[in-house]
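Look for subunit A in each of the two complexes below; its partner is subunit B in the first and subunit C in the second.
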Partner chain A sequence: MAQNASTLFEKIWDSHEVLRKGADGPSLLYVDRHMVHEVTSPQAFEGLRANGRKVRRTDLTVATMDHNVPTTPGERRLPMADQTSDLQVRTLEENCREFGVRLFGMDSPDQGIVHVIGPQLGITLPGATIVCGDSHTSTHGAFGALAFGIGTSDVEHVLASQTVWMQKPKPLEIMIRGSMSVQRAVTAKDVILYVIRKIGTDGGAGHVAEYRGQAVSDMSTEQRMTICNMSIEAGARAGLVAPDEKTFEYLRGRTYTPENYEEMVSAWKKTLRTDSKASFAKRYEIDAGRIAPQVSWGTNPGMTCDVTEEVPDPAEYGGGDRSREDSARKALQYMGLEPGTPMTEIPLDRVFIGSCTNARLEDLVEASRAVRGQKIARGVRAMVVPGSQAVKRSAEEMGLDAVFKDAGFEWRESGCSMCLGMNPDILMPGERCASTSNRNFEGRQGTGGRTHLASPVMAAAAAVNGHFVDVREMDMQDGAV
Partner chain B sequence: MSDNGAVTGGVIKYARDNIDTDVIIPGQYLKIHDYAELATHAMEGLDGDFHSKAKNASFIVAGRNFGCGSSREHAPIALAHSGIKAVAALSFARIFYRNAVDGAFLLPIEIGEDAYEGTSEGDVITIDVKAGQMRNETTGRRYEIKPFSEIIGKIIEAGGLFRYGMQQQQQQKQKQQQPGS
Partner chain C sequence: MEPFRTVRSVATPLDKINVDTDQIVPKQFLKLVQRSGFGRYLFYDWRYERGEGGSDGASVVPRPDFVLNDPRYKGSAILVTGENFGCGSSREHAVWALADYGFRAVIAPSFADIFYNNCFKNGVLPVTLERGEVRGMLKFGGDIEVDLEAGEVRMYSPGDPAAPPRVARFEIEPHRRTVLLEGLDEIAQTLKYEKEISEFEKRSGPTNGAIPPLSPDKPLGA
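Then we have the complex of A and B:
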């Protein structure tokens, strides 16, 4: 079929479309990689069992346990203290055994947050379709894959058929112009928080976002993962970045990198990019040079401001939109914040450096720059939770564990940890936390917990100071050991 | 449901946008496999009285981007097992919408500003998908609802994604068995 000019997303979509119902109908998409975790899979396996079905492609399916597992060193064994978590973890083990799915269990050296280990093991590949029962599956888009989260019914459908039904989203361009390097310590996290703040939590609804522009080209692969990770927070179905040499290099020589990888790279170089004449259904443009370190003040990721700003006045924030104003008022009430308070004067109780957004090696290196030779502020409890066992080992080889521990941080085992309040790492009611995770929803980190989203270096500096500071003004140690 | 598919019941209204999956069913409950028990924690992050209110209600009416956040299917399940038949909202987050339909847990109904503004907590409404209408029985006003796309309508009619798939398969088999086809 002769191709008109297409976007990267459309190319991947078209090459995976098994069939389409009518001209505008949903398509049945072939799934190249299916990642499974303990929380959204039990009913799916149960469904297979009840209907006498098998996992169609065990070779394209991998599982790990990340959401429930304790991150306290020494407590990663069965039985786990929390009985319901224990059951969920055991159920995944049994299901993987019964159905022949490869599992990176709690004691595996490859265990970690599913979106961290996928790329790390070379399971994530450019041009692939990747699904997982987890909304942050969009992370894998950083490799030029079409990756999106699905619910448990769809998990069952993919296990059984290696396909998923989907209405074709529209292509969205998020052009990030300029260079981030003009501002020290402004990171990919600040860029994506800024994007969500500008386009809104449903600004990407119905679309797959492609991040483009100089700032994106300049970013490392792990930084791009941070950006793509939070696409869902802007309402987008997925987010992706065209692969380049950095992408190919990242995946080269990993445990499960395909044997014919170099051939694949040659093919990808020819195909995996948006044609110059392709058109996007919607476009946004952001100037990276203007982005300051970001901190969220409210209860969704769009409620974010520059660290140099003050907690906004709801009426001003609403700008005449009553619903927006009400949301801001309710958010401030939940967050226990007064309008006009400088963001740098809000005292913090906890600091969490972790999650699929910001727990890779580069994130920890970044964070360590604000910590080296320092002590965390009195009254602050701070923890670093590496995204995977491999990240933890690499960080330890660099001596980062000592840097954090010397400053008073807890250095933990890998998992989702305090991102989502499903395991023992939670906030107490009223506790205020600087968090490198992705969601500041009410109760997300524990009932009554108050979350401020920020970058790793911002969170680390906040731990040292007991409140947020503008990291651009800090005299930071060069943590690149 | 009555014969024509219309549902009548009470309304619980949350006049806010971005009601996320973490308030619909907080993370700590995702380990619960018993749906009845899961339901007792529905909306706990926003409204501690929801479960008891839901005994006398069939609908949630809410603002934009309902169900944003996580892919947890527990969200529509917890609402459905609390007795909620439909969520009528200005818009939905994609995965919540999909999950609600896939498992035939509840109907995600997209409504306009008029219906949203014109409905209050405790009103009795009827949602009539076939007629494309939401009627506020308390105020007597009628509103149009956004029709389901063809396939979504069929999945709902079949009672979920898997049943729909099975039906399709059967239809295909029947076609193949017809001579000359």
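Then we have the complex of A and C:
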């Protein structure tokens, strides 16, 4: 290994180290962008207040409310029906006012899921360190940023000092070779679900993953956001992709894109990539051409199979590991599934197209392809929750709202919504949902609810059919969008 | 923060792998704006059956088959569990719930990164031990002592408490160990590096760690 050869992650890390405690100790990392939301911040602001501390850099801090907000048109105002949600939202408003933090509130045209609005407003930048009290902060890694989720104590620490202590993770390479076999039927969501299935929900623990290879280069910026988003589901501390022309173009001319942006782009082009002689602590290699549309059958994102497969037998899934077999058995019990059932024969009650994983404009365009001119199946309730109000407006300009509504979907305001059901959008016990979100944990979408993770086009096609179908066999047409 | 030195109690065995933070404290309880009082929501959906009255906790019945409802483990301060404990959401509420319930140490073959980090901010010690050792502890039933200073877990034979304990050794990164042993206010410690932080902020150049601030004259929500 050459003396100075480094991975992209190491370069960003090293350039943000304020200091390190000894050779193997934790580093004090400087934070370029701190994003705050209403669920994980109240105790942090309270801690500042109790100790007479201020927010060190309000000019590097932004806040929005996304987890609790109602997505039903007309209900996005205070007081909210749920009093505890109401209190949390008001608390964020008051804290932002008191501490001088920029807030995109419930009525702001820029409101949205924090990981959707960051890039959309040009707050997310290549080479930056970005933190947020939310595990899906890894999404911003799609821009070549080092972005990771932190707990509330660290939120307070960053507010007070603009720094965070962290043990340096190890670099992990996830090489995705080849290209996705059937254009636009197999998506970035299928790639990342397949990766998690192969490397396991702790395959990336202690590491920062860099996604590389032809399939990643071919992906749009928004598709890269989908794969980086679910890095945490593979246990990785963060996930990132080296920035390229697509990245730079995406951020050009956004509200908060810096004035000297072109100068910064020139510098980034020279440095923000993994050196050819750099080495990774661990590597995985995936052939994109082998990936079929994926659907989860269990209660963690690694419990996923091809749509053409059957619900697995727990003993087979366990492969001799009793804990793994037990967890598969409990998962099937929770999910109400029998081994051997074809994935395409499981009837669905609900469809959710939304979340920081899959609710950007491209996701809605892809989903609309399976819906245009169709009606959702009898007995299915389906909703689209755009990732931000700006995504919603753009989609409406393209007429996508009409496509979904004509098919029988509900068309909502933006928020985290049924990804985790902190607002009124939840599953009832026993309800089964095809969801474009990121977690199929027990009770995630509502106590007793059953979640099947899938891509936007897979979820949309499932809404039309009342069960999953292999979208590679569908004749989808692009409308006049 | 309460310092952590030594904790001894019966260990609660939770024989599951990949326990996610949604299970440790379900989302409906994340709406509180304080840090205290989360213990009653710990493992809520596994711990309680819903009676009439819905999911707001109005009417719930303890599930007799869940380990936290087993009288043998009442007052336990040590949780023993499977791989990848605390995966998923970054919610620190998961650690607040464990601590508020009374757990001071969690022993597992591995932990998810964010959860592991959150433990140290709240006086909870996550102990990583080899898988076989943990599997033994899941079936053990006797008293366990976790000694941070010595870096030892001691298992006292239930049949013969006077016999010398079986000892397993663990390691904690020294900086974290000190913070926990002393119960230090980490922010106060960091603010002692004001000079270093200020100097870092004076650096310039997009690839030298200095990303420009958000332009303050841009109107909000424009």
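Observations on the structure shown:
Heads up, the rule we're going with is that the second predicted complex is superposed on the first by the 472 of 481 C-alpha atoms of A that agree within 3 Å, B and C clash if a C-alpha of one lies under 4 Å from a C-alpha of the other, contacts with A are read in each partner's own complex, and residues count from 1 in each chain.
Following the convention adopted for this analysis, contacts are C-beta pairs under 8 Å (C-beta built on N, C-alpha and C of every residue); 3 or more make two chains touch, one makes a residue touch a chain.
The shown structure was predicted, so the numbers you read here are calculated from the model rather than taken from an experiment.
Following the overlay on subunit A, a clash is recorded for the pair subunit B and subunit C. Look at A:Trp268: by the touch rule set out above, it reaches subunit C but stays clear of subunit B.
If you count the residues of subunit A touched by subunit B and by subunit C, you find the higher number for C.
Once chain A of one complex is fitted onto chain A of the other, the partner contacts of A:Asn465 are absent, as it touches neither subunit B nor subunit C.
By the document's definition of touching, neither partner reaches A:Thr357: not subunit B, not subunit C. Applying the stated touch rule to the two superposed structures, the overlap between the subunit B and subunit C interfaces on subunit A comprises residues 21-22, 25-26, 39-40, 42-43, 47, 67-68, 82, 84-85, 87-88, 133-135, 149-154, 156-157, 165, 167, 201-202, 205-206, 232, 235, 237, 300, 323-324, 326-327, 330, 420-422, 439, 441-444, 447. Across the interface of their complex, subunit A is touched by residues 15-18, 20, 22-23, 26-28, 30-35, 45, 50, 55, 82-84, 87-93, 95, 110, 112-114, 117-118, 121-122, 173-176, 185-188, 190-191, 193, 196-197, 200-201, 205-209, 211-216, 218, 220-222 of subunit C.
Listing the residues of subunit B that touch subunit A in their complex gives 15-18, 20-23, 26-28, 30-33, 44-46, 63-65, 68-73, 91, 93-95, 98-99, 102-103, 149-151, 160-162, 165.
Interface of subunit A with subunit C (complex): residues 11, 15-19, 21-22, 24-26, 28, 30, 32-33, 39-40, 42-43, 46-47, 51, 53, 57, 59-60, 62, 67-68, 82, 84-85, 87-88, 91, 102-105, 108-110, 123, 125, 127-129, 133-135, 149-154, 156-157, 160-163, 165-167, 169, 201-202, 205-206, 232-233, 235, 237, 255-256, 258-260, 263-264, 267-268, 270-272, 300, 323-324, 326-327, 330, 420-422, 439, 441-444, 447.
Put simply, subunit A touches subunit B in their complex at residues 21-22, 25-26, 39-40, 42-43, 47, 67-68, 82, 84-85, 87-88, 133-135, 137, 149-154, 156-157, 165, 167, 201-202, 205-206, 232, 235, 237, 300, 323-324, 326-327, 330, 420-422, 426, 439, 441-444, 446-447.
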